[in-house]
Amino acid sequence: MGKNRLEAFSDGVIAIIITIMVLELKVPHGADFRVLLPLWPVFMSYVLSFIYVGIYWNNHHHMLHAVKEVSGGVLWANLHLLFWLSLIPFVTAWMGENHFEMGPTAAYGFVLFMCAIAYEVLARGLIVNHPKNATLAAALVGDRKGKASIALYLVGILASWFAAWLGFLVYIGVAAMWLLPDRRIEEKVVEKAEQEEAQASGK
Amino acid sequence: MGKNRLEAFSDGVIAIIITIMVLELKVPHGADFRVLLPLWPVFMSYVLSFIYVGIYWNNHHHMLHAVKEVSGGVLWANLHLLFWLSLIPFVTAWMGENHFEMGPTAAYGFVLFMCAIAYEVLARGLIVNHPKNATLAAALVGDRKGKASIALYLVGILASWFAAWLGFLVYIGVAAMWLLPDRRIEEKVVEKAEQEEAQASGK
Amino acid sequence: MGKNRLEAFSDGVIAIIITIMVLELKVPHGADFRVLLPLWPVFMSYVLSFIYVGIYWNNHHHMLHAVKEVSGGVLWANLHLLFWLSLIPFVTAWMGENHFEMGPTAAYGFVLFMCAIAYEVLARGLIVNHPKNATLAAALVGDRKGKASIALYLVGILASWFAAWLGFLVYIGVAAMWLLPDRRIEEKVVEKAEQEEAQASGK
Amino acid sequence: MGKNRLEAFSDGVIAIIITIMVLELKVPHGADFRVLLPLWPVFMSYVLSFIYVGIYWNNHHHMLHAVKEVSGGVLWANLHLLFWLSLIPFVTAWMGENHFEMGPTAAYGFVLFMCAIAYEVLARGLIVNHPKNATLAAALVGDRKGKASIALYLVGILASWFAAWLGFLVYIGVAAMWLLPDRRIEEKVVEKAEQEEAQASGK
């Protein structure tokens, strides 16, 4: 089964998730700049969640780029990931409107944690379908970032119980870790593309 | 007429339907975890509807994968299906906010029933256009799940009049029936793809 | 310039327009079926607008199917059409919430009128870019439905001043006219595709 | 890495941004045409923002048409652009609901300014990846409109402090500058396509 429609549907859902979060930035009453001040926690949450959803789209893009077909199980693993991603706008708004209090900040970390687990499940499903896809396997088996993130989200959730801003800092740190470009996968994909081109022109 | 744009448009509408349902998870006031408790019926409804819309996307994906062209009638049969799917967020919210009372639970079942009917109509339209497409015909004619679902939705609606939770249980059961992977269609699609490859490489 | 991205973007906007209209079906308070009764004008408006947006997507699909390239002017003519389509949810809600009173019903007709004009402008822009595309020219020059619709929307707007339900009936009539399958264009597209296949296989 | 999914995702986000703005056109109470009058500032803001988002989609379309591959850095430069574009609905609503007062009009200009900066960053990222793409380089290096826009947004922000309508006029002027068709890029793209066709048929 082709992967194109899976990509198109995921792009659609992720595009909507990343965009409807801005609807939580409620238009303030009054034209003074001071009315924007109470919005800063909501805005900060929006920025962080925008980056996180962007990271997921980015990684999803990379991972599916490495495969050619998807099974029925992968379709559901993908929907499972989209389900947890769809809860990001809810916890983002809850965290922002409560100025990073303990409960919402821990809940935010929990949703990120479940997204990371769902991503791992999707990755493993793809590996099962592509046992001989060395690029994918190498990229994912060696993916220490994914495992570190899952651990760090747990740290962030625990940290939220002591001080919510500490949990928030941990989440920012995980996002920063992902934002740093991961040259490894990109090099592998480039190598593979070059090999395919070489094969294709060799025929 | 090509099917690509039909798929793209359907993906867009289904992606929006599956995502706007989360907007009904209204952000609670207060930072305590206890404020999440009253949300559980809305959340449960959301989970079930997410799974249902995912099932429809999944089946739609499989069914259109088996055909190559669509007629004007199929375009409208598809829009008819999208119309009933677009009412799922409404009945989901109504059922969730009323804690699974009789009326909304029956209405939820009615919309699921109409979606199933619309799917059947679309399937028959595709068969009329592809009378010689054995894969599609075999997949759909033998599709006992679709017919069973339609009957079970009626059972669920009737059950809602006795006890709403009974109707809800029936809907969960139908979803579970679909979630179990349907190896038959997948095998047929795989077989067909292999035959096509064999033919293509034989030329 | 390729037309694919124009189609993808239009599909996205039209998919969102057709779906966000359902958000105007506000979830009623209470679990009784009687609370659904006041929603019927909103629901009727939703059904009619869903059909209209479906008709536009359908026609847009057919028209762009006949061309291969789009100019910068066509991109803007397309955005102009999307702008008027984007106002349909607004007038739909206004008409529905006011139970088809004179003003909103006339406004609804005005937006439909502007959509039809914008569609004509887009069609003419495509003809200017494809002067030798006989399929497109034949399909559009002979398109009496488009011109009749524009006239009928004016009739509907005027009729709204006498009795809003009369205007609404006219809009239903125009939609019904479009829903009847237009065999002509389809036949021409089929013919063209057959000719292309014949040419391709002749090479 | 292919650019198709980047385009599809950007199209999705931009389509949602351009469409959710219409949700700020709150349905008025009452069926009289006079109830529409207080909506005119919101409507004016909507029209201007629709045109701006349309311009960005248009330019994005043209720019990515000239390239074939995108790097990880470009993916993030693109998300950065989408982030600022996603704030347009917020400032549009704030400006519209405050009838073009000083603060919101300046904030609107600031978001347009950041969008223009983000577009420049994306353009430079693409040039770095395609150092030998003469079409892209020529189109962008000579792109005086982009630089003029950035300067004019600053003028508009400053003008807003004196009189908000003056700032708004400046923004309208910038949009008008972009709406005028830019024959240069189109000619270059056409030339390139013709050369490619010539090469392809020459093989």
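The letters A, B, C and D name the chains in turn, as written, and every chain counts its residues from 1.
The rule is simple: a contact is a pair of C-beta atoms (placed from the backbone, for glycine too) under 8 Å apart; a residue touches a chain by one contact, two chains touch by 3 or more.
Because the structure is predicted, anything quoted here is derived from the model rather than measured.
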item: Chain whose mean Cα position lies farthest from subunit D; value: B
item: Copies subunit C and subunit B - interface residue numbers shared by over half, same or different; value: different
item: Centroid spacing, where centroids are CA-atom means, of subunit A and subunit B in whole angstrom; value: 26
item: Rounded Å distance, subunit B centre to subunit D centre (Cα mean); value: 37
item: Subunit C residues counted as touching two or more neighbouring chains; value: 8, 12, 15-16, 20, 23
item: Residues of subunit C that touch subunit D when the two form their complex; value: 1-2, 5-6, 8-9, 12-13, 15-17, 20, 23-24, 71-73, 75-76, 79, 82-83, 86-87, 89-90, 93-94, 97-98, 101-104, 107
item: Of all residues in subunit C, those that touch subunit B in their complex; value: 7-8, 11-12, 14-16, 18-20, 22-23, 25, 27-28, 30-33, 36, 47, 50, 54, 57-58, 61-62, 65, 179, 181-182, 186, 189
